[in-house]
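Some structures to go through are shown next.
Shared between the two complexes below is subunit A, which pairs with subunit B and subunit C, respectively.
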Partner chain A sequence: MSEFFTRMGDGSGVYMTAEEIREDILKGVKDAADRGKIPELTQEEMDYLYKIITMPGNIVGVERGREVVSTSDSGSCKMTYHANIAMERSMAVLVSEKVLGADSVDIGNMDYSYKAVKQIIHNETPVMELAQLNAVMPVLYGSMPNLGLYTKPDGPVENWSELLPLAKIDEARAAQEEAVEHAVRDIVFVAGEMYAAGADGINLDTCGASGDADFLAGLLATEKIKEKYPDLGVEFGAAGEFVLGMHGKIEYDGAKIAGLYPHKQVKLAEKAGANIFGAVVNTNTNMSFPWNIARTVTFVKACTAAAEIPVHVNVGMGVGGIPMSEIPPIDVVTRADKALIEIGKADGL
Partner chain B sequence: MSGIRTAGDLVLRMQLAKSMKIDAAKQYVADKLGVKPIDLSDSDLMAEIRAKYGFGRSFDLNKSPKGIEAKFNIARKIGIKINSVELFMARAGLNKEGA
Partner chain C sequence: MSLESILAAAKQAIIDIDEDKAVCVAKEALEEGLNPVQVLSEGYSAGIREIGELFSRGEVFLPEMILSAEAMKAATAVLESAITGAAAEKIGKMIFATVEGDVHDIGKSIAIALIQTQGVEVIDLGRDVPVDKIIEAAEEHGAKVIGTSALLTTTMPNQEKLEKVLRERGLRDKYKTIVGGAPCTQRWADKIGADAYAEDAGEGVTKVLELMKS
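Coming up: the complex of A and B.
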């Protein structure tokens, strides 16, 4: 019986038979459809996904004409802070543009959070100004709402992660609501400074990392940014496939935020005025790549079908069908990209 | 799409500024450049077009528009406002709002 090389969700290699791959595809599709209450992929789409997974060649590509564009999460930091190449960030922007062929990139600080950036904004804006003078492609500024940073002892509000185990539910909720106000103020302040420095857009990355209140902070900040700076693009990126209910009662536009999957998250981002939505589907390290990518494509197809704005799927380590691995293997990365674009109808990555 | 090696930067601009989905963004840019959407990812063809309109390229020729200069040309040809171009004009006293 012939076997095909693929990977597990942790990146390790594994050989699977055709039957095993088809079975995992079906299980992944059904898991997403059940959790999200969304349509399953059609049999034709599952057959095509099987074909993508088992295609010969180390890497695969989309059909000619189906290419999409890319945005980034701390894009210019990948070379400077992460790879530790001694390089000024506006120079990393030019390397991204001229050497790597990026469609856009975002500049971010080492502490990729708006709260931290606010205090050093006078040193962040010159980086954007230099990048804008020398770069041709769109350059965004990116950071996370990161609501947890507003808790004591580093921040001004009580720590809801300490209050919840003590059954102080009302106090925990009040602390989160107060933190939202601080976060929105900081995000809008940084966005205004970056707009004045020439930024093409602001990237609200990983919204919901601290739960539903964190997601709300991103939505309210988006509203205010578009109100004050209508020409500044906003990319609203999610933190996960499912918004955690750390608060549990927070609503936006009449919808409870906790528990929303990507096809409903995108509608709130649209309502707030975001120009691009970054969809996230988490990778399960114990399951195979066929299971993970089938599940991801099912969620993404529902999200792009619901969306009026472009959807850029997060395809980094541990999301978007990509293994949770420090160095994502290119064989499954290219297969994930092809599946997300051709079946999931992603507008970008 | 490979950014300024092709027309990826232009398509991304339409998504970020006008919330256009990928096919609409490609069609808009293609119409402005007088090509088909499928041509936007052809690095050879796009190198010629970018040189013709002064849009900036990965390996710029001497005396060709670069950086903010190329963005002036992009804004005019594609018909969009680019924040850094507007700021450049204002700060250099090149428009009515200029210093």
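Coming up: the complex of A and C.
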């Protein structure tokens, strides 16, 4: 019986038979459909996904004419901390554009949180100005709302991670609501400074990393940014396949935020005025790549079907069907990309 | 009420986050002379496992999960004296910690709440705990099992370090080790030489009980 090389969600190599791959594809599709209450992939789509997974060759590519654009999260830092090449960030922007062929990159600081960036904004704007002078592609500025940074002892509000285990639910909720106000103020401040420095857009990365209040901070900041700087693009990136209910009752536009999956997250991002939505689907390290990518494509297809703005799927370590390993293996990365674009109808990565 | 009715009521009290009902059912179970460990493991713990599953699907949120754990704690308090006499003594002690550099402990706390219901005495060292402190606590308390949790690929190596230091000190055969946390897998446990891996809190209970008996 012939077997195909693929990987598990932790990146380790594994050989699977055709039957095992097909079985995992079906299980992954059903899991996503069940959790998200969304349609399953068609048999034809699952057959094509099987074909992508089992294609010969270490890497695969999309059909000619189906190429999509790419954006990034903290892209200008990655040559330094992933490849250990010490490089000034505006130069990394140019290498990304002129050597690697990136369609856009965002400049981010190592601390990668709007609260931290606010205090060093005078160091960040010159990097953006220099990059804008030399790059042709859109250059964004990116950071995370990172609501947790606003809790004591690092910030002004009570720490809900300490209050919740004590069952002080009301106090924990009030603290999160207070933190939202601080985060929105900081995000809008940084966006304004970057707009003045020539930024083409602002990347609100990993919205919801601290739960539903964190996601709300991203939405409210988007509203204010679009109101004050209508020309400044906003990329709204999610933190997970569903919004973690750290608060549990927060609503936006009449919808409870906690528990929303990508096809509903994108509608809130749209309503707030975002220009690009970054969909996230988490990788399960104990399951195979066929299971993970089938699940991811099912979520993404529902998201792109619902969206009226471009959807750029997160395809990095531990998300988008990519294994949770330090160096994502190129064999499954290219297969994930092809599947997300050709079956999931992703507008970008 | 029959055993089945009590178990169903206990489970439902946790799912409904009804602390008063949970306590009431616990008292009734004792009055009926039922095995308190069975009521906890097959009634209340079943409720907590269902809440955990709903949480993992985004259908229940952290505040509700915390409150359901509080309801279970209140019921456990009612049954505690009976459990102490009946079951805790014959099972054993376990050290549990989130490894150094890692501050995540929600999953660990859920696992501990469930494991304790099975009569295992769990010494919770908290989060961000160095390997030396874990071993020191295991020696001090006479534990049989050491459980470690890691939520980050960058902190997982501390689970490997624990195995290495135990071997270096000639203590490896004295303890059974179990690892868990989002990036951990059975392959990781095999690679570092841990005795067991648990994917979630429910499996953690089963595996710890197996290790206790081995």
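By our rule, the second predicted complex is superposed on the first by the 345 of 349 C-alpha atoms of A that agree within 3 Å, B and C clash if a C-alpha of one lies under 4 Å from a C-alpha of the other, contacts with A are read in each partner's own complex, and residues count from 1 in each chain.
The definition used in the following text is that a contact is a pair of C-beta atoms (placed from the backbone, for glycine too) under 8 Å apart; a residue touches a chain by one contact, two chains touch by 3 or more.
Quantities reported herein were computed from a predicted structural model and do not represent experimental measurements.
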Open item on the list: What does the overlay on subunit A give for subunit B and subunit C, a clash or a fit?
Closed with: fit
Open item on the list: So in the superposed three-chain picture, is A:258 touching just subunit B, just subunit C, both, or none of them (first/second/both/neither)?
Closed with: second
TODO: Look at A:54 in the shared chain and tell me whether it touches subunit B only, subunit C only, both, or neither; answer first, second, both or neither.
DONE: neither
Task: Partner touching more residues of subunit A, whether subunit B or subunit C - done: B
TODO: Specify the angle subtended at the CA centre of subunit A by the CA centres of subunit B and subunit C, expressed in degrees to the nearest 10.
DONE: 170
Task: First (subunit B), second (subunit C), both or neither touched by A:159 - done: neither
TODO: Identify the partner contact of A:134: answer first if only subunit B is touched, second if only subunit C is, both if each is, neither if none is.
DONE: first
TODO: Examine A:8 and indicate which partner it touches, taking first as subunit B and second as subunit C; both and neither are also allowed.
DONE: second
Task: Partner chain in contact with A:275 - subunit B first, subunit C second, else both or neither - done: first
Open item on the list: If we overlay the two complexes on their shared chain A, which of subunit B and subunit C does A:173 touch? Say first, second, both or neither.
Closed with: second
Open item on the list: Can you work out, in whole Å, how close the C-alpha atoms of subunit B and subunit C get once everything is superposed?
Closed with: 29
- [ ] Note which residues of subunit C are touching subunit A in the complex, please.
- [x] 57-64, 66-67, 70, 109, 153, 182-188, 199
Open item on the list: Quick check: in the complex, which residue numbers of subunit A touch subunit C?
Closed with: 8-10, 12, 35, 164-165, 167, 169, 172-173, 211-212, 242-248, 258-261, 285-286, 318, 324-326
Open item on the list: Which stretch or stretches of subunit B touch subunit A in the complex?
Closed with: 1-6, 8-9, 11-13, 15-22, 25, 37-38, 41, 55-56, 58-59, 66-68, 70-71, 74, 81-84, 87-88
Open item on the list: Quick check on the complex: what are the subunit A residues that touch subunit B?
Closed with: 64-65, 67-71, 97-104, 132-138, 140, 195-196, 198-201, 231-233, 235, 275-276, 307-310, 346-348
